[in-house]
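Input: structures, listed below.
Shared chain: chain A. Partners: chain B in the first complex, chain C in the second.
What follows is the complex of A and B.
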């Protein structure tokens, strides 16, 4: 009975969304405050309906209601509670329900936030959001009903894919979805602007926090996924240029481009059409990502719940929700009046524009690499595979100039203004980078790419630190009290600096992991000692252990570094009887300098066990960097909100 | 101003030292591996045909093990990297190579990104001139 209630609420939300769309299209040319109020309230209603439906599904998972098809297929009574809950979105139907829940929440949040005297725009934004919601609800109800019952109720469920029974994977999809769906807001802002035919600096100021939220969430979502792949798949790698990874990476690249170009729009009111196009493309890539993941069109290490028949439906949604706005764009984009602005070659405008040039080209490269095999197969039946080597040769050289620019661009001025510190900064940058090139070369000159990658990290780091120090000294606040630090931070906009610092840290991590990794693989028995670099490992013992829903074989190793005891490493091989699958659980000792990573293979007491050990220098900097990027995004939202409130009181000139 | 640049420089050199120290501390000992570096380098560019998008270097499947052994043998027989790729291609088709070779099928794949870059740069440059 309870699951039926969940289904009813989902149908209610669907019917309500259809009515809202009819209402919206009816009033679109005769906008009034009352109509807006009705649409706002109904956005809240949709959100509540879907939330109830989602909670009911979660409840069904918690109580293991195996009369539901997806519960019996994806859950098990012995599974720990957290994975029963995360199992709600560990399958196709549930993850789509999560998707629409996030979408309706975003719609509600947009409508709830006070927009400044622009009800007409808000009216269109909610309308467009509801339209997307309606399409996705139709998709769920017609092809992927999460509340479908089974005729014969099984006694026990079939369990969740053990790879997904992991804390990283419990939070990765919701985070990623907040990113994907968050881009729908900037999409609706763009379509709203096309419908109303009005765009101004205020529009850009309002859209920016939404892009930033989506971007930060996407950054965290991708990082969590990569972290999970690193410790769970047991290959020691963190990014595989896999179609599903690319699917989340492309919207990220576009969102990054948009995040930068919207700065020009908000300050100078130029590149309006370009920003609108990017907003539409950002969400288009989100939908494309969903399509790639959900359709199983491309084989991937990440796709666990795919079904080709549903792919067509997502493709239809993609065509409607991107084709429509693009037609609208073609018809109406010429209406927007841009300011006549002049700027130097060395100005913020041109730097941000070049940033956009490289980011969109990089997106195109990833898109080509992801879809090319598919098109070639359709074209003449030839099958090819594209691996990391392709991206190293194309994507990496396209991104390198961005890093060069990233360090110096913050010192440029807007328009025709001269920047005073630029020459000195470039001198510092070149000196430190030369020093770093020489240092890295004398340590290990075997790989030119290692030197380039490491020096780029240092180049960027120097740039960001210089910018921070100059900002700091110009603030003229003495740092003799801790409380002054907060004043200092609140006086300066450092969101961008934090994010860029994150990129530098990330690059250092990449350099360490890609070029200075050492590894060992071979057969070892209990009592053996062996070394990797100046780390010494000893195989102490082997045990078999019973977990809540698995049996585990565990090797116990000790790690010494420079003859100092560091810790125990306990890699496992787990067997999940319900799912009849085996997983490897790598054991990792992680610190600031690097990770010691050990994977246990098959073996026995006579022959020993095959083991793989990696030492990955700086690898945790990769995720620390990603975290800093997301943190930078959040910081800039908070700081902009403050200045925005102040600015609206005083004037809008100097943002 | 002097103070400012001194602090910038010192922080930056600290960063360089951290990074270089870490890489310095690790002497490479890849000799311990059963497989030679060359084999592993090649294996990274060979797709594991029975897996879900892994290279045979990463995979522990039987096919991957056999292929790695095969590559090792071929290397010992004196074949070079390209000859091994050709050998595998003839046996399994282009599909097995993770780094697609440049031919009529892949010419767009390899050059399109740079064509896009060149054309959009020209566009932007013209925009600047205006």
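What follows is the complex of A and C.
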């Protein structure tokens, strides 16, 4: 009975959204405040309906109601509570429900943000958001009903894929969806601008926090996924250029470009069309990602229970929600007149423009790499997959100039203004980078690429720190008290600096992991001692253990570094009887300088066990860097909100 | 207001259509090549009935009930074992067909994870087609029988071998096309 209630609320939301769209199209040319108010309230209504529906589904997972198809297929009574809850979105139907829940929440948040003074634009934004919501609700109700009952109620569920029973992965999808769906807001802003035919600096100011939220969430979501892949899949890597990873990476690249170009629009009111196009593309890539993951179009470790007929439905959604705006763009974008603005070659404008050029090219490279196997399949039926070799040859060279520019661009001025410190800064940067080139050259086993990558990281790091120092000296606050640090931070916009610092740290991590990784693999038995570098490992013991819903074989190793005891490593091989699958649980001792990573393979007491060990220098910096990037995004939202409020206060006082 | 149409503005939509068309083609190919899912097969087909004792359901609600089901009593002919539960909606759906089946061959019911009083109410409402009813209050018997879920029906021949198993509610087409032919074969 309760699940049916969830279904009813979903149908209610669907019907309500249809009515809202009819209402919206009817009033689109005769906008008035009353109509806006009605649409705002109904956005809240949609959100509540979907929330109830989602909570009911979560409840069904918690109580293990196996009369529901997706519960019996994805859950198990013995599963820990947290994975029962995360099981709600660990499957196609439930994750779609989460998707629309986040979408409707975003619509509600946009409609209730107080800073809007352009009602007509807001009216269009809510309309477009509701249209997308309606399409996805139709998709859920017609092809992927999460509340479908089974004819024979199983005694026990089939369990969640053990690979997904992991804390990192419990929060990876929600984070990623906030990013994906968050991009719908900037998308709707862009379509709204096309519909109303009006665009101004306020438009850019209002759209920016939404892009930043989506971007930060996307960054965190991707980082969580990569971290999970690193410790759970047992391959020792953190990024595999898998189609599904690319599907989340492409919107990120576009959102990064948009995040930068919107700054030009905000200050100079130029590149209007470009920003609109990027906003549309950002969400288009989100939808493309959804399409790729759920249609079975490309095969990947991540693919959901894929079903071609679902794929056709998403393709239709894609055509309506992206094709429509792109046609609108083609017809109406020439309406936006731009002022003629002049700027120097070494100005913020050109730097941001070059940034955008490179980021869109990078997106195109990834897109081609992802879809090329598809094209080939369509034309001659060959199935191929494109691996890291392609991306190392194409993507990496595109990114290098961006890093070069990233360190110096913050010192440029807008327009034709001269940059004061530029020459000094470049001198400092070149000197420190030369030092790092030489240092890296002396390290054993460093290649030319390692030197380039490491030096870029130092280059960027020094650039960001110099910028911070200059900002600091200009603020004229003495750092003799801790509280002054907070004043300093609140007076300066440092969101960008934090994010760029994150990139530098990320790059350092990449350098360490890619070029200085050491590896050992072989067969070892209990009592054996072996070493990589100056780390000594000893195989102490082997045990079999029973977990809550799995059986585990565990090897126990000790790790000594420079003959100092560091800790125990306990890699496991788990067998989940319900799902009849095996997972490897790598054991990792992680510290600031690097990870010792060990995977237990097949074996027995006579022959020993096959064992793989990696030492990955600086690898945790990769995720620390990504976290800093997201933190930078959040900081800039908070700081901008403050200045925004202050600005409105000031203008009120002047009146 | 006059607007100029420049071809560059159409470039994104043209590229987009190209990607959509290709994806559509691949999907179309995938769709025509996908195969239907296979039926659940039981490990127990062709094997003897599991030797786990089944307590009789205590429908009179006596305090001490220590009687056990004896499958041997029925083993001179083909008979059916049907796992059901009062809380299971599909079991209500299949009740009329179990009734029909019981007119042709003996049917033994096993109430899965059910209270005796609820089983009794269920039988009062839907009729009692069963020769005897066993109780599997802990669900252990169902595990021994390899039951996927309730309802589930087994056919057992005179040697005590399981010859057929159907998971899910008995539907008319299954009854007609799978169960009736088996019964006819045995009778010939």
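Odds and ends about this structure:
Definition applied: the second predicted complex is superposed on the first by the 639 of 655 C-alpha atoms of A that agree within 3 Å, B and C clash if a C-alpha of one lies under 4 Å from a C-alpha of the other, contacts with A are read in each partner's own complex, and residues count from 1 in each chain.
Note that contacts are C-beta pairs under 8 Å (C-beta built on N, C-alpha and C of every residue); 3 or more make two chains touch, one makes a residue touch a chain.
The structure displayed is predicted, hence computed values, not measured ones.
Superposition model on chain A: chain B and chain C are shown accommodated side by side without a clash. Once the two complexes are overlaid on the shared chain, A:432 sits against chain B while remaining clear of chain C. By the document's definition of touching, neither partner reaches A:339: not chain B, not chain C.
Shared-chain residue A:521: touches chain B; no touch with chain C.
Looking at the shared chain after the overlay, A:30 reaches neither chain B nor chain C.
In the superposition on chain A, A:563 makes contact with neither chain B nor chain C. Draw one line from the C-alpha centre of chain A to that of chain B and another to that of chain C; the angle between them is 100°, to the nearest 10. By the touch criterion defined above, A:604 lies against neither chain B nor chain C after alignment on the C-alpha atoms of chain A. A count of residues in chain A touched by chain B and by chain C gives the higher number to B. In the superposition on chain A, A:315 makes contact with chain C only, not with chain B. Once you line the two complexes up on chain A, you'll see the smallest CA to CA distance from chain B to chain C is 12 Å.
Interface residues of chain B, counted against chain A in their complex, comprise 4-5, 7-9, 11-13, 15-16, 19-20, 22-30, 32-35, 44-45, 47, 52-55, 58, 60, 93-100, 105-106, 108-110, 112-114, 116-117, 120-121, 124, 127-128. By the touch rule above, chain C contacts chain A in their complex via residues 1, 3-6, 9-10, 12-13, 16-17, 19-20, 22-27, 29-31, 34, 88-90, 93, 112-113, 139, 142-143, 147-152, 167-169. Considering their complex, residues 235, 237, 240, 242-243, 299-301, 303, 345, 350, 353-354, 357-358, 360-361, 364-365, 368-369, 372, 376, 380, 382-390, 393-395, 398, 424, 428, 432, 435-436, 439-440, 443-444, 454, 457-458, 461-462, 465-466, 469-470, 473, 508, 511-512, 516, 518-522, 530-534, 593-594, 601, 615, 617-618 of chain A touch chain B. Chain A makes touch with chain C in their complex at residues 66-67, 72, 149-155, 273, 277, 280-281, 284, 288, 291, 295-297, 308-309, 311-312, 315, 318-319, 322-323, 326-327, 329-335, 371, 374-375, 377-378.
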